[in-house]
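Per-chain residue numbering starts at 1, and chain names A, B, C and D are given in the order in which the chains are listed.
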Amino acid sequence: MTEASNLELSGTVEDGVHRLKIRVYFEDTDFSGIVYHANYLKYCERGRSDFLRHSGVHHAELFSSDDGSEPLAFAVKRMEIDFVRPARIDDILSVESRVAKMAGASMQIDQRVLRGDDVLFEAKVIAVLINADGKPRRFPEDLRRRMGG
Amino acid sequence: MTEASNLELSGTVEDGVHRLKIRVYFEDTDFSGIVYHANYLKYCERGRSDFLRHSGVHHAELFSSDDGSEPLAFAVKRMEIDFVRPARIDDILSVESRVAKMAGASMQIDQRVLRGDDVLFEAKVIAVLINADGKPRRFPEDLRRRMGG
Amino acid sequence: MTEASNLELSGTVEDGVHRLKIRVYFEDTDFSGIVYHANYLKYCERGRSDFLRHSGVHHAELFSSDDGSEPLAFAVKRMEIDFVRPARIDDILSVESRVAKMAGASMQIDQRVLRGDDVLFEAKVIAVLINADGKPRRFPEDLRRRMGG
Amino acid sequence: MTEASNLELSGTVEDGVHRLKIRVYFEDTDFSGIVYHANYLKYCERGRSDFLRHSGVHHAELFSSDDGSEPLAFAVKRMEIDFVRPARIDDILSVESRVAKMAGASMQIDQRVLRGDDVLFEAKVIAVLINADGKPRRFPEDLRRRMGG
């Protein structure tokens, strides 16, 4: 598999907006017939992970201590979320992510889940970088630069 | 199994606060070593479901159309959530839920997840009742009365 | 979005083998650092769903009663599964599915999850079609023909 | 919270059979109205974890390297599973687990999920102990003795 096709799997970035296509499967729905509410947070996390990937940031590398660095992982600190319309089995959704604010140790990412032009879900996400003890750490300089901070 | 032991499985209500004990299992954690952020929404949903159960409201009955009524299900409309401290494998957590506001067609439920006395997670949840088309419906009068509205 | 790009999201079929690329995200892993074992069943279900989609079978249509037909859904009846090697965060996996046997009311689908050429997971899956009461139903003739039975 | 009430949350052991009560919530179901098949594996994993807990084995301790020991975690190697009857929202289920065979580096645990006296799900599970590299390790002698091997 080429690096190009891998990036394709990871969505696209245009004008600072990352877009990832997601299919709704059995696992995503609940007995009421629609996508279970907590699963939109999974979709958004996939979007953020692939947005970071496009910026050259990989979870496995961040978390590794092979280079002598402290293991780090992204964590969500706060979210404000609105469930606007339900998604259903077989739907193809698009997760949009953009960096709204970037500070030394936290960033705000605005995210939306759409089906075609219909907005189904909106979230303002405050994310931080933490070490193995859950302590916040400043973003590495190159990560800030790449993410457009 | 007696009705009493079933209710025990569903937590307790005291002074309008519902409390449910939850164990953290493998399924709840992620590779960074802590509980995956979206799973707190599952914990809160369990808390709300069991709070409703204590008020005599059952999802299966609401959703059934056996009595000629429209199938209804609870849905979350909006959430504001704060991730305060991480939970880990084997932890025993307590989910606290209380009705903060009750209107004709929506209610606000304030929820917290604690480990001992430490607050790990806080959420303000706006919940509504929807029919099979996703349209909001007014809460039945007895549900409002039971939930302390 | 074109029908072509939708099908691309749904993997490819070649010589009767369906292949779907899947990214490992936070949600898939557990605190031991690897993909949580039950999530391979989700990957396989995605593979089977997209394999069916390529054969013109859609869950939403099967489950709909708009055309006067009984609502139907696929269900797994039996699985034999082997966990060979662990997958990790950021991995790109390939889910392979092929119809091994097709009978009137059940089919055996053989599935594998690979990372590159390494087999991580193998499963023999017996799937059936059930109605809303959980009763098994015969496969529609065109479904059997399309799936290569 | 007392140690006694913690153990109560973890089910009971009688004549070598561990039993854990589980409630079916929204998160467990899918759009076809029943419990999503992969979630029975979660139920079984909860059962095995609490069975181990009753035997004095804790995941967090096994995985810790604070005492100079290698971090270890349980992993499933193979499963044979039968889905007999569906479970639904609000159901109370019982997960039964018993050690069927114990060898030096693997054990077979037979598990069932019941609703009342009805068997819904059966599994034969081969579990092993692995280190951080995914390499199998022999069970500690006291673990084997406690688990009745």
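Methods note: contacts are C-beta pairs under 8 Å (C-beta built on N, C-alpha and C of every residue); 3 or more make two chains touch, one makes a residue touch a chain.
The structure presented is a predicted model; accordingly, all values stated were derived computationally and were not measured.
Ranking every chain by how far its Cα centroid lies from the centroid of chain A, the top place goes to D.
More C-beta pairs touch across one of B-D and B-C than the other; that pair is B-D. Between chain B and chain D, the centres computed from C-alpha atoms are 25 Å apart. If each chain is reduced to the centroid of its CA atoms, chain B and chain C end up 32 Å from each other.
Within chain C, contacts with two or more other chains are made by residues 26-27, 31-34, 38, 42, 45, 59, 63, 88-89. By the touch criterion stated above, chain D contacts chain C in their complex at residues 31-34, 37-39, 41-42, 45, 59, 63, 73, 75-83, 85-86, 130, 132, 134. Those residues of chain D that touch chain A in the complex are listed here as 26-27, 29-34, 36, 38, 88-89. Only residues 1, 6, 9-10, 21, 23, 25-27, 42, 45-46, 49-50, 53, 58-60, 63, 88-90, 92, 116 of chain C touch chain A when the two sit together in their complex.
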